[in-house]
Amino acid sequence: MWTWFYRLASPPHVYRTAAALTPWFYAVAAVLIGYGLVDGLVFAPRDYQQGDAFRIIYVHAPSAWLSLFAYTTMAVAGAIALIWRIKVGYAVAAAAAPIGASFTLSALVTGSLWGRPMWGTYWAWDPRLTSELILLFLYFGVISLRQAFEDPARGDRAAALLGVVGVVNVPIVHFSVTWWNSLHQGGTVMRLGKPEMPGSMLWPLLAMLAGFMFFFGAVLCMRVRGEVLNRERQSTWVREAVKS
Amino acid sequence: MNVGAFRAMRLILHRELSLSFRRPDQLLQPLVFFLIVTTLFPLALSPEMSLLRDMAPGVLWVAALLSSLLSIDALFKGDADDGTLEQLALSGQSLSVIVIAKTIAHWLVSGAALVVMSPLVATALGIPVDAFATMMFSLALGTLTLSWLGAIGAGLTVGLRRGSVLLSLIVLPLAMPLLIFGASATDRAIGGESPAGALYFLASLCVFTSSLAPLAASAALRITLE
Amino acid sequence: MNADAAALTVDQVHVWRGDRHVLRALSFGVDAGQLLHIWGPNGTGKTTLLRVVCGLLRPEQGQVAWGGRPIERIRSEYQAAMAYASHEAALKGDLTALENLRYAVGLKRRVRDDELRATLERTGIGAGADLPARVLSAGQRRRVAMARVLAMRAAVWLLDEPFTNLDVGGSALMSRMLEEHVDQGGLALVVAHHELELNRPIRRLELSA
Amino acid sequence: MGGYARFVWPSISLAIGVLIWNIWSARRHHARALLRATRAVAMARSEEQ
């Protein structure tokens, strides 16, 4: 039963599997995102309150969800690598970090663009946007810590540990920010929430969420191949990989 | 016949405190920084006491956070530079015991000192005397939590040449919840309402961090000491 | 003086430093009452090997065992029975020689100051015991580190270039100490790039580039 | 579709921009890693001769 676990741990196997999966992930992502965008932007009805501005949700919600999912992936991969000493985990963690950071940025900007028609300003310390901003700082900390070490092996382990500490803090930050927001503004202000979504609005959103997840899978596979190569330069299997 | 954990902690605590008091100037620096930062705000905002009072909890807490952050860098730096950190790690005591003793010693010398100083700053910012108790208690919990988070950050960055800026970048995002609860507890106390809610959250945060940080910090040290 | 040291075995240890394969499939054993002299030009991994043996550095492959048990599992017990001296004397400059010993040795066993003073006396630091370590010369600091190793009464000695900065008297003292330790059933790994003048059998491990 | 101009199109284009950046950056990262690996393999082979 454990063979898949050890096969997963062997870099050449991971390198080949990632290469095989990438095109499929891209294909499914393209279909889902294509459908989601077209349906969401064209066919879905206007929201009676926010008019067309709410359509930004079709990119904001998937980005926000992915920023959190990528951080968790990074933390779990790092923890697996630290605890069971599976080196591939470090490659996955190092690959997930920049992807997650880019989607955090996307969530932040699309969120503030969405906020503009609602609040009249681009930033109003909305609890979700604030948590997203703090998540960006956490990403920045992990990425710069990994690069601060000359010895990449130690950089990986330090970043993995910080990732685990960070992921423990994400719910705490989210809770305290929401508590802080409700404390001061009494929660009356229109928060960046999803309006009640009839089916026609909801399906494109689910498609976009799934599409972004597959996209994350595809890009993660590509980056993991690069990270695995960087960490396995001496081993023999690299010679065949390089020739192919 | 070897030495138990509590005896070892007492010994390390004694070592750290006698080391700190051999260099009193390094003890005073964060405290003076605390005073200077709080003096900046009235200059920047206005001498008007009523306005300052609204800002007081935030100013006090941000200044306290930054001043304890200043001294966290020295938690392992001194020992790492002269090689004694290795001796401590190889003493046969578990690394967590060493980290706990050093962090508590660091807190006594920095965080607790800030708490003792805080009434001075509070009066300067117009905080009423009856809010002092909550303020000092919340500040004590907050600075202790920060010392634990700082221990993790210091453990990760002590081996790096320009590690101190990175240390702040790592610790501050983790310290935001304690800032939220601490500042609002003080704010509530000034307004006369009961700060219990915020204090409970702050206390739970402190207990949570005190239990997990030694593990994380010793794992971080193990990476640095390699 | 110290209990018989169990045997120390190193088995197929591999260590990489970045891209450099510093230690390649290193295997050897050291029994109680033996001294191993680790020899070799600079940069061949002598210090890295010592850090692996003392448990600071975990090898990518291979294992270090003490009394047949891997050191990761018995980390505290193993390190409590060990004295490690790195190539710098590792003392706190602001603390006196006596205080340095009190805090370092005190973590390993209960010890009173007068015994520490006697040990410092023996390594020639009697007068300097109450001076801050920063005012001592490099040779004196090495003698304080020597006293620390002695006072720990450890079964396993792991010494990295213990003769550096020592004058003739100091080196002779160091050699006597090593002989005494080995005679009492202790075990020692000594990293040195020069000959060791001990009238005891010395096994040697050559690390090549 | 008129009401979209101010905020919806910028958000969509930004999000798509992030998707494209991710693809481009991942490809570049892999290509660079491949380059470094080939150089390392070439160096290793020259050492063996």
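A few notes on this one:
As written, the chains take the letters A, B, C and D, and residue 1 is the first residue of each chain.
Note that in this section contacts are C-beta pairs under 8 Å (C-beta built on N, C-alpha and C of every residue); 3 or more make two chains touch, one makes a residue touch a chain.
These numbers come from a predicted model, not from an experiment.
Pairs A-B and A-C differ in how many C-beta pairs touch across them, and the larger number is found at A-B.
Chain B has its Cα centroid 32 Å from the Cα centroid of chain A.
Mean C-alpha positions place chain C and chain D at a centre distance of 50 Å. Chain centres here are Cα means. That of chain B falls 41 Å from that of chain D.
If each chain is reduced to the centroid of its CA atoms, chain A and chain C end up 49 Å from each other.
Residues of chain C found to touch two or more other chains are 19.
Residue positions of chain D touching 2 or more other chains: 40.
Chain A has residues 233-234 in contact with two or more other chains.
Annotation, chain-chain contacts: A-B, A-C, A-D, B-C (touch as defined at the top). Put simply, chain B touches chain C in their complex at residues 1-3, 8, 11-12, 14-15, 18-19, 22-23, 78-79, 82-84, 86-94, 225-226.
Listed in rising order, the residues of chain A touching chain C in the complex are 150-153, 233-234. Residue ranges on chain A touching chain B, taken from their complex, read 82, 134, 137-138, 140-141, 144-145, 148-149, 154, 157-158, 161-162, 164-166, 168-169, 172-173, 175-177, 179-180, 183.
Considering their complex, residues 152, 156-157, 159-160, 162-163, 166, 169-170, 172-174, 176-177, 180-181, 184, 201, 205, 208, 212, 216, 219-220, 223-224, 226 of chain B touch chain A. Here chain C touches chain B in the complex through residues 51, 54-58, 76-77, 79-82, 84, 86, 88-95, 99, 103-104, 106-110, going by the rule given at the top.
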